[in-house]
Structures are given as C-alpha cells and as structure tokens.
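So the structure is just underneath, and the comments pick up after that.
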Amino acid sequence: MSITPSTVGPAALELRNVAKSFGAVVALKSASLTVQMNSIHALVGENGAGKSTLVKIVAGLYQRDSGDFLLRGEEVDFSSTAESKAAGIAVIYQEPTLFPDLSVTENIFMGRQPTNRFGKIDRKRMRREVQGLFARLDVRINPDRPAEGLSIADQQIIEIAKAISLDARVLIMDEPTAALSGVEVERLFAVARSLRDEGRALVFISHRFDEVFALCDTITVMRDGEYISTDSIESTTVPEIVRRMVGRDVADLFPKQPAEIGEPVLEVVGLNSAGIFHDVNFTVRAGEIVGLAGLVGAGRSEIARAIFGVDNYDAGTVRIAGTTVPRRNPAAAMSLGLALVPEDRRKQGLVIDATVSRSTTMAIQKQLTKFGLLTSRAENAAARIWASRLEVKTNALDTVVGTLSGGNQQKVVLAKWLATNPRVLIIDEPTRGIDVGTKSEVHRLLSELAGKGLAILMISSELPEVLGMADRVLVMREGRLTAELSRAEATSETVMYAATHASEHHS
Amino acid sequence: MSSTATIPAQTTAPRVYRDYGRPAWRRILFTRESAVIGLLILVIIGATFGVRNFGSPITMTYLLLDVAPILLIALPMTLVIITGEIDLSVASMVGLSSVLVGILHQGGLPIPAAAAVAIIAGAVGGALNGFLVTAVGLPSLAVTIGTLALYRGLAVGLLGTTAVTDFDEFWTSLAKSKIGETGIPSIMIPFVLLAIVFAVLLHFTPFGRGIFAIGLSPDAATFSGVNVNRTKMILFILTGTLSAFAGIYYTLRFGSARGDNATGLELQVIAAVLLGGVSIFGGRGALHGVIAGVLLIGVLASALRLANVTSDVINIITGVLLVLSVVSASFLAWLQKKRQGPGRLKRGRTPAAKA
Amino acid sequence: MTMTLTPPSAQTPAPSRSGFTLGLYSFLRARETSILLALILVILVTTIKNPNFLFSPDGWRDLLLTPAILILVAIGQAIVIITRSVDLSVGSVLGLTAYLTGRLFIDIPGIPIIAVFVAGIVLGGLLGLINGALVAFAKVPALVITLGTLYAYRGINVLWAGSDRINASDMPKDFLALGTSSLLSIPVLTIIAVIVLVAAGWYMRNTRGGREFYAIGSEPAAAELYGLRVTKRILIAFVACGALAGLAGVLYAARYGTVNSQAGSGFELDAVGAAVIGGVAIFGGSGTVWGAALGAALLLTINRALPILGVPDFWQRAVVGVLIIGAIVLDRVLSLRQTRKLLEERDDSNV
Amino acid sequence: NTDGGTTAGGDAGSANLAVTFLPKNLGNPYFDTSDKGGETAVNEFGGTFAQVGPAEASPDAQVSYINTLTQQGVGAIVVSANDPKAIGDALNEARDAGIKVVTYDSDTEAQFRDVFINQADSAGIAKVQVDMIAEQIGDAGEIAILSASANATNQNAWIELMKADLAENHPDITLVETVYGDDDDQTSFDKTAALLQTHPNLKGIVSPTTVGIAAAARYLQTSDFKGKVALTGLGTPNQLRDYIDDGTMTAFALWNPADLGYLAAFAAKALIVGDITGAEGDTFEAGKLGSYTVGADSVVLLGDPYVFNKDNIADFDF
C-alpha cells in the first residue's frame, strides 16, 4: 500500500516506530516519517492522529518513549527545543505562542538577538533583518508594536516569519494556514517552494487537501498514532487519502440541504465601533445559513463578539426575533437564544483546564439545577448525551478538555452551544483545524440545524466552505460590508473581488 | 434541553463514556484537601499525647476563639483566590470595622447599630476594591496593597491615640460565650452557617462553577455567559463584609477597639487558604481543605505555645509547612508522571479498530 | 494604527519611524515619565511650603538618602516580578543580613567592611537561591513559596537574634559613616543605589539575558517553545533579588545603626508597592527597574512630605493608600485613552 | 522566710512557684534587662522562671499567650500590658484558674490584676523629663515628643502629665507635635527626621521610650542639628553612652529596669505563697531590695527615676 520514495543519501529527517503516551493516553503507537532534502512533505491524518505530537517530538519539546529518530542519518535525542533549533530544525506550532508584551521584532529574534562585542543587542540590525523578512513575505505588520492584540492570523504570520528567519535545514509547519486566507496562503507557498528549491526539507501539515496537493511532493498518512502510508503526490488522489485517513469513504463534503427560509431572527442595524467596524446592517432568517466572508482581519470576528455582547459598540442595535439584545451582556443574549462558537477555541471557546463534562454543560448550567443546586451527576448526565451525539473521542467525562485533540475540542464547543437549543447560532471558523470526517459531520449538522429553523451566521475564511454552505454570502472589507451575494451570485471571483475592493455603494 | 440535532449513525458502535477516569477512592484520597485533613488529624493526635494540657477541653475553646477571624475571612478569600484575584486589604478592614464600632459606640450608638454601620462600611470597602478591579480593570494585588494602606490609615486616623474599651458587658461576654456546656465558642454558630452557605455557593451552584471558570480562563468564562465582573464584584463585597464582621467580633472579644487591631492578619489568612489547597493562580480549591488549613495552623500554634516553643518557631513551622505543602504536591505529580511513563505502554488500550 | 505617520515604501512595507520620533514618543508615553513628574511635583509643592525640604543640607541629604535602601530592594523585586514571580521574603532577607552585619562586627573584631558587604550579599543571594530553586524546580507559584519563606526566614532571624539588639556602638564608626556621609553632597548610599540601578537597567534593556526575563514573564509557555532557559533565568532573578535585599540589609545596618530581629519587616509590601506604582506589571512581562526605583522614591518622598504639608501623623497612611490607588488608576486611564487614540487613528487611515 | 500564719501559708511548701514573664514584646532591650532581673529573683527564691511573648507588641498576641499560660497552670504571670483593657478578660480567666497576676511597666485596669509594680509614679516620670528638657533649652522654645505606639498606656499617661506640667510651670515652652515611632527603629528614625524638617525652630525632643530615644539620637548625631536640638527622655545607659560622650545628648532618665523585674518577681512570689493579697498596706520582702508596702489600687512603687549624665553614666552597665 505504501510507496517508499527512492532515497538518495540519508534522509533529512527520519522517524521510525516512534511511540509516545501521556499517562494513560497513547498519542503515538508507531509513527514513522521520512522526509528527503529538497522536498515538501505533507503529513495528514484525522484529528488526534498524533501529527502535532510527532512534531513536538522532533522539536525536542516531548521525549519519545521508544523508536528511532535520525537527522541526516545520525541518531539524535533532543531534550529541549534549543537543541533541535541548533540542529537546524525550525517549527511552526499549531497554536501560535508569542510573547504578548514584547514587540513583533523581539518575538522573532528572542533568544538569538544579534549582539555587539559587549553583549549589547544590536537593535538596528534586528530591525533591518525584520524589514527584509517582512518584505519577502509582504507582511504589513508594524514590527515595533507589541504582539498583544494581534489577530490569530497575524500571529500565525509572525510565527511563519520567525521560522523562516531561522534559516533552518528542516522546516516543519503544523497547520500554518488554518488561520490564513487565500492571499497569505499563496505568499507562504511561494516562500515554501523557494526554500525547497534551496535544498531544504519541509513538512506541511494541513486539513485542506487543495493546499496539500498544490504544494507538496510527498504525502504521509497517519491514523490513530500509527503510520499508514507514504506516496508521491502524483500517484494518489484525494478520495484515496481520505479513505486511508478515516478508514472508510467520506461522502459529500458540503451537503447543505435546501431549507424553508422563515422570518428574520437576527437583525443587525447600524452597528458601529470606532476603528473596528462601521455601519453594519444585515439580517439572518430562520432556516438560513448566512456566510460572512472576507480577508483575515476584515473585522468579522469583532462583529460576532459585539453581537453576542462580549465587546461593546458605539452605535447600532441588535435584535433577536424583534427583541433588542442588551449591550455587553452575553448572559442576556444567551437567554434570548443566541449562541456563539468563537474563533479561538483554546482561549475563548473552552475553559481549557476544565473537564469535558463541565465544558459541555457550561452554557446550560442554570437549566440543570434543582432548587438552585447543581450536581456533578446532573452535569455528567447531560454531558454524556452531547458527547455521544457529537462522537467526542474521550474515555471519561472528567478528562481535561485541553488534552483532547483540536478537532475533539471543537466538537465539545459545538456540543456546549447546541445544548442550549439556540435560535441563532453564530459560528466563527466552524471547521478550523478539523479533519475531513469531522468537517463533513459539522457541515451536515449545520445544514440539519438550519433545516429545523435555526438561523446561522457562519464566519469562515475557507471559500469552498462558504460557497458550499451559505444561502447568502456577506463580504467584508476593512470593517465594512462590501457585498451581499445570493447563493447563485456567489462564486470565488465575486466574493474575492468584494473582499479586496471597496464597494461602490453602501448597502 | 430538547434534541435539536441527531447525528447520523456511524458505522462504529457508540462510545461508552465513563463519568470518571479514576476510581472513587483515588479521586477522594489523592487530593490536596485530603492530605491537609490527614495532617490535621495526625497533628491533633500527636499533640494530645505529646503535649501536656493539650487534651483539655479549654484548649479547643481558646483555639477556636483565636482562629475565628481567620476562619471567617478565609471563606470569601477562598472564592476570591479561586477567581484568580486576591484581597490583601482584609486585615485593614478588620481594623477599620473595629474602630468604627468603637467610636460609634462611644458616640452613643448601641452595639447592634454600630455593628450594622461597620458591616456596611465593610461592604463599601469591598465594593471599592471590586470597582477598581472590575470596572477600572486593575490587578487586585496592586489595588489591595493600596487599600491595605488606605483602610488601615482611616482606622488609625479616626481613632488616633486612644482605644475605645467601654463596651457593654453583655456584648463582650457574648463574643466569648460558649454553646451550652460544650466548650465550643458561640462564634462557631455563625461560622458554621456561613461555611455551609459558602460551600454550597462554591461547589453546588452555577455561580460557583462560574467562579472556577473565571479562575481558569476569564475569556472563556465571558464567552460562556458568565458575568465575570459581576461575580468578582460580589466576591470582593463579600470579603469586605465578612472582614468587617470579623472586626466586630475582634473588638468585642478583646473589648477593645483599636486602629492597629489584626495587623498582619491578611498574610495569615492567605497562608491558610493556600495551605488548604487553593491555587494562587485560580481555578482550583475546595472549602473543606481551606478550613482544615486554618485549623492546622491554629492547632500547631496552640500546641507549640503549650510546649513553650516561642513564636519564632511557630512562624518557621507555618512557613515551612506552606512551602512543603506546595512542593510536595508538585513532587508527587512528578513522581506519578515518572511512574506512568514509558512502562505503561503495554497497558494502554488498543484503539478500536475502525477499518 | 501608525500607518499614517509614514506611508509604507515599496522596500519596507512595514511602517517605520525615525529613531528620534520613536524615542520622543516612547518617552512621553512611558510610565516612568508620569511617575517622575509626580515625584517632581511632590518635591516642588513641599519645597514651596517649606524650603528646608529641598534647600537645607539635611533636607537635600534626606531626600536622596531615604529612598536608597528601598530602591535597591525594589530593583530586585522588579526583576522578579518581570519574570512573572514575586518575592515576598525580601523584608525577612533584609532583616537577616542586617543582623548578620552587626554580628560580624561584634564576633570578628576588625573585620574589613568590604568583607561584611560581601557576606551580606552572599547570604542574601543564598536565601534568594532557596526561593528560586523552589520556584524553578518544584514549579510552584512564587507567591506561595515566598510567603512561606517570609515566615521561615523571619523565624530564623528571631531564633538567632532572640531579644538581642545590635547598637550603633557595636559597629565601627567608618561603617556607620557610610550610612550618612556624602560624596560631593550626594549620599554614599544613594550613589550605591544609582550604580546598581544603572547597571540593572542597562542589563534588562540591552542584553539577551535581560530580554529573556521579559519573555519568560510575558508568556512562559512560549518561552519553553523558544527553548529559553527558563529555570536558569528564574534562579538568576531570585538570586539577584535576594542579593540586592542582602546589600540593602547591610546598608540598613549602616543607616539606622540599630538592628533587632524585626528589622525590615513589612518591607515586602513597600517593595511590591514601589514596583507596581512604577509601572511594573504585576503579572510579568512589562515595566522597568527605572520605574520601580522611581516608585520607591515617590513612595518614601510622599511619606516625608506629608507631615510638612500638614497632614497629621495619623492620617498619613490613608493618604499613602489613596496615592497608590491614584497612581495605578491614572496609569490605567492614560493607557485606555492611548488605545482609543490608536483605534481612531486607524479609522482615519482606513478611509 | 514565709511565716505560715495565713490561710494560704499551708500550701507554701508545695506552692506553685512557676513565674512567667510576658513582656510587651520580645527583642526589646528594656524588657530583656527587666526580665533578667526577674530571673535572678526567681532563682533566688527557688521558683521556675520562664519568659514568653509575641514578636510584635500587640494585645491580641498577648491574649494567646495568657490563655496558654492559663492552660499550663503556672503560678503567676508577670505582664506588661499592650492595652489596659484588651487583655483584661484573659487575665481574669487566668485568675479564676488560681493564677496570680502581676503587671509591671505598663498597667491594665485595676480589676484585672492583683498587683501593679510601678517603676516610678507617673507624675515623677513626667516631671523629671520636663525638668530635663526645660534645663537643656533654657526654659523657652518649641519642643516635640517622640513616643512609642499611639496606644501605649504608660507613655500616654506621662504625655498627659507632661502637658499639664508644661502648661502650668513652663509657659514659654510650646509642645508643637507628638509623633509615634511605634517602638520601631526605622519608624522612629524617620519620624525624627520629619520632625526636624517640619519644625525648623524646634529646640528639643522628648522621647519617653527607650527605642525612640536611641533612634532619635542616632539621627541627630549625623545631622546638622546635632548640639542645636536637645534630646532627652527615657533610655538605657548602654544604648546612649556614645551620644552622651559625643555631646549629642546631655542627660536622660530611667529607673533600673533590672530592679523592676526583680521586684515584680518577688511580688508574684508573695502573692503565690499568700504573704500578700494585693490589699493596701500589705508588706513583703523583696530580697536585696528590702521590704515594700502595697499602696492604694494595689500599686507597689519601685522608687524615683534616676538621671544619667556624663558624670555618672560610666557607673552603669545595662
């Protein structure tokens, strides 16, 4: 089933039968990965397959329990990320982790700042290098601003810039594009290709197959912590890869069913917030999925937050079924039937150190009380229902959600909000970092919910997702709505045009 | 909740979800709270046999009278620390409340009225802390270092050089009275009632769940509809109020209202709360552990004083205990990780074969 | 944001500003500036009320001298807080080294003064090392550990000193002179404090090590991903803090001349307070030792100014409390206004 | 030497001669000296001596110690009160348990103790200090007082009497301010500095506390005010020897604290064995100090304060 590419000299990076467990959780059983110089190697697998764990072992962040790890043919054993860095490995982690108080420049050079003879940091040189780097990546972020407050996308871009500036021989990217939109992805790919052509080895992890097939030369599939196969990209197809990842065939990827469109449920009128968004007007009707598209940083998430009441706004009204939603009061919005699945799962969607049970029931605690008292028994009972409905992969309900894989965490967030039985669901990047199987489940689920009369506002940076799922597409650019497109009108071209050009008229 | 969605049945059998990953005895026994309670029992047994006079009932009376203010303040302090905040101004509030009771009583107000004013002042003081932390968005450590100075300054400023000592015999003896023949001070009645209220609030209500959620991740709590600012505000008000109540007790027990009453008590309260297993970073802790922590320090101090060990040794022991309690917790965690390391591989469950 | 200031050129897409504008801008915005202004204001107002506050030789000396010891402790505290820890044991460490100082002079007659300084700094550093090791290796929150060692160190001090008291007559005149004498009308203690401040300030701003303190405090998880040597840095921060408290203990003995087992108790809150007033974020990652030092100076200068301004003795503490709160509220309001301005600027640039 | 005539006398042989001293706080040289005197006395009459106490002078901490001593069932507690009322109930409980209570140095209200050993009567202490400062500043000008804690019973009593004396007999002296150093070196030191700045015309400082006077002397010694501003009050010779020698101060007063403790211990013993009950007119033997009589309000007076100056200070070592 697997084709081992012919090897010319030692591989840049080779892992054989690597195992790793966390307490009782087996993350890797026998993972293998061979990456050649001069190539871009895709690593794919379902959520929880163990991709990120493998990356962290290579990075020296985790130590493997058993198995072999070779770098250019030599056995290595890293006990810290500093060692792997010194050995020429650069890693872009799945979750960007920057120093919020430090400037963008310092973030990029931390720990390896250029210094003069007296050990004084050479700020001028650091600045020059950052400017060169940003020019190469066409990044427009002020290098002197602190990392605090940057959007996830900007953070991801800085992670990429940082990894590239390391000038490493092996570059591993764990879902670097999950937060990025088309333009940035293209730019990243151009850089990745030029790095490959310089003779470096790259590993690219992604759940987006179009990207994988556009960029990579070789592809390795993992499942349940085990190595499944390695093929050259020309010799395989998407359905074939999906079958190996999931172990079965996956049907329609975007099965939005037509649904009865009812009365307007969510109405947003003249919403304005200085510096963030301006004069935003739209409605979402019962049974309708409205897609909100735009480039990263267009301000879509901010609108969602303002509607839900997490952020304040300067002017405007939000109504649900005719009732005005009070400002800055998420609890009130929830009781009116509003649910928000936020974009940052680990910081906003979940209390990452809480148990699966508590996380799932977090938004419905009040309904679970008897005489005002809340017991773990009631929570577990409710959580069990929702965990099994969404097929959350965990063995006990008191597992800490932070230890679940990204996709399973997303399922818990969905369960938490579906449990509230909402009338309006705002879902920000519903499938970010989710594998194909789960993704199609999520889409099927959204479609079904709409069919039952739920009004859904779906914010997504993935164009195919928007086009496949939405009955209507709103497009934003720099804090303003620039277009409203019906399902028929919405194509990649019309949406991208609206996302990059100011509208001639305000709607 | 009604079912809004049904996921199409998968080819695999439905997953079984156990409620807990570990058996009950391990969950209950291997906690910080149980460790503190166990240590408390050990120390009591040891002191009863090892220290002359410790076994006498009067010991318990004095002990409880001594630790009552700490017990009272530790209740809301536990909740505040679980949200990830801290209140260093509590002891100053005890002093301010004491002074208020003193001067108002001196000015002719009966004790209940003076006490009511003091309680209101406590609530207002707590609300000021809460306002600065929630509405202005300042770190509580910094805010309450400021109000620590402010409230103590008001107390000393209001009463000056004097101490008010002429309180009605009725009230002062009430503060020291015992429940019937038991030797248990009457102050334990309000304490036990409050402890129950706080335990229920923290462990069995959505409000309490919110407190833990805030401590673990304020952002995620906000996104789940927890009103973070209101919760913190309520907790700071509760802390101020109970500190004022402790101040009234303090005043009546010693029959003396002074500006410098209870100086340094804040660190004792916090030490006891932390010893009881509450995480200073928020999100973790339980009230029974905290109560055991307060009693542990109290019993140790009492036994050591009886054994004529001087106050400095008591301080050393308190300090070392605090350090050991946290260090041992991370040592045990480390040990467990070591033990469960590679060796566990063979015992790992085989993931369900799906193909 | 700031894109309006300089349109991005083709070469450098990132907006940039000239070094000078940048410097001026950050100076005006800096937290340290507002504290400095507040300090100058306090001195000005008090001096107008009573010229002796600044213009008598004693007034001038005390103005510079009084904050010197707290400045040293606050510098160490700032370094520790910047790495997202806190050291509550500094008061106890100061007490122990102050007593050690006295004991050395009594027990080893004729001991060179420099040896006593070294002993104090080494003892302080060792006590700091204990704190640091517990925090770094046991991965336990510093607030808990140092609250524990606050009690433990003080207890050891009382156990050691008992009710003994070191008097001025127990220590050599030369040593005591250090506590009050001046060089070119600047007190020696102040000179020591300023030298330490300049060195620490330079290190924290301009070296890899210094920046790593900020990085670790800003986001410990990221520090681990970056492969920074977190354990080593935390140890260094605590040792530095302990050593500075140790140095402060020796100077305390020189300045006050009498030492008992309670010397320096309560210093921890002053030190943390000074750092906080000076704009060191209590949760790490930002602030400077300069700010902490200015905070210490402001705190103690206000203390001395209040009686002159006619605030009765008993009310002084309340006023200090109001000032601490006022300082942090003001800082917050200013930074909120700044954020707002940046947002509005961005609006303009977007149109 | 007890004669077994009284009712309690029968117990004399088996009397509980455990005497525990409870000073305001530990680590205070004044109490060290006085309690040493107490220890000497207890050893002389064959009892068991102990000293316990809090690190910082606060009444609540003293209460815990009194309670503990009650539980231990000592024979007598000799205590210097941090508050005249706050420790009263605890003392009464101790007395209910058969423990004799002697206060020394700083008294409680009379109903809480059996006997108070007064180091010198308050009027005398106040007078000697006023006389000293008046002489040193030429009976005219501004003076200030640097006291211990704001609540200290004895200091407050003396200060009131000093004010009365000043108003009556020294019309040209104005008391401009009273500040409190809390018996803490650093605080007292800084308060002295503040006083001198605030009142540029200050002629003298009176510090009726041993900690305060030493701190003030140390500040004066190195300041421009040395020799210009007079300093006097209550202090121990060892602390102040240098300042007398170099002219920072000319005179100060104190009773002999060792004698105070010595007398208190003997009073405790007399109470235990039943020689006295605390009634006015009771007499008892106090070893080398001779015989003493209990006065009104159960007060025993040690004697007059003693003034130390350049001529006599070399004769003392405490």
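For clarity, chains are labelled A, B, C and D in written order, and residue numbers in each chain start from 1.
Here is the rule we go by: contacts are C-beta pairs under 8 Å (C-beta built on N, C-alpha and C of every residue); 3 or more make two chains touch, one makes a residue touch a chain.
In UniProt terms the chains read A = Monosaccharide ABC transporter ATP-binding protein (CUT2 family); B = Autoinducer 2 import system permease protein LsrD; C = Autoinducer 2 import system permease protein LsrC.
All values reported here derive from a predicted model rather than from experimental measurement.
Novice: Where the contacts of subunit B and subunit D overlap, which chains show up?
Specialist: Touches both subunit B and subunit D: C.
Novice: Look at the interfaces C-D and B-C and say which one is made up of more C-beta pairs in contact.
Specialist: B-C
Novice: Averaging each chain's C-alpha atoms to get its centre, pick out the one most distant from subunit A.
Specialist: D
Novice: Measuring from the mean C-alpha position of subunit C to the mean C-alpha position of subunit D, what distance in angstrom results?
Specialist: 39
Novice: Distance from the CA centroid of subunit B to that of subunit C, rounded to the nearest Å?
Specialist: About 30 Å separates the centre of subunit B from that of subunit C.
Novice: So how far apart, in whole Å, are subunit A and subunit D when each is placed at the average of its C-alpha atoms?
Specialist: Centre separation, subunit A to subunit D: 75 Å.
Novice: Compute the distance, rounded to whole Å, between the mean C-alpha positions of subunit A and subunit C.
Specialist: Subunit A and subunit C have C-alpha centres separated by 42 Å.
Novice: For subunit C, what residues touch not just one other chain but two or more?
Specialist: As it turns out, subunit C has residues touching two or more other chains at 154, 158, 261, 281, 314.
Novice: Can you tell me which residues of subunit B touch two or more of the remaining chains?
Specialist: In subunit B, residues 156, 160, 259, 310-312, 315 touch at least two other chains, as defined above.
Novice: Using the touch definition from the top, which residues of subunit A touch two or more other chains?
Specialist: none
Novice: In graph terms, nodes being chains and edges touches, is this line, ring, star, complete or other?
Specialist: Contact map by chain: other.
Novice: Write out all the pairs of touching chains, ordered by chain label.
Specialist: All touching pairs, sorted by chain label, are A-B, A-C, B-C, B-D, C-D.
Novice: Give the list of subunit C residues in touch with subunit A in this complex.
Specialist: Going through subunit C, the ones touching subunit A are 1-3, 8, 11-17, 22, 206-208, 211-212, 214-215, 217-219, 221-229, 281, 284-286, 340, 342-347, 350.
Novice: Which of the residues in subunit B come into contact with subunit C in the complex?
Specialist: For this pair, the touching residues of subunit B are 88, 132, 136-139, 141-143, 145-154, 156-157, 160, 259, 267, 270-271, 274, 279-281, 310-323, 326-327, 329-331.
Novice: Which positions of subunit D touch subunit B when the two form their complex?
Specialist: 26, 50, 52-56, 58-61, 63-65, 67-68, 70-73, 83-89, 149-151, 156, 180
Novice: Touching residues of subunit B toward subunit D in the complex: what are they?
Specialist: 52-53, 56, 58-59, 62, 66, 156, 160-163, 165, 172, 176, 250, 254-256, 258-264, 301-302, 305-306, 308, 310-312, 315
Novice: Taking the touch rule as given, give the residues of subunit B at its contact with subunit A in the complex, in rising order.
Specialist: Residue list for subunit B touching subunit A: 1-8, 10-11, 14-15, 17-21, 200, 204-206, 208-209, 212-213, 216-217, 219-227, 283, 337, 340-342, 344-345, 348-349, 351, 354-355.
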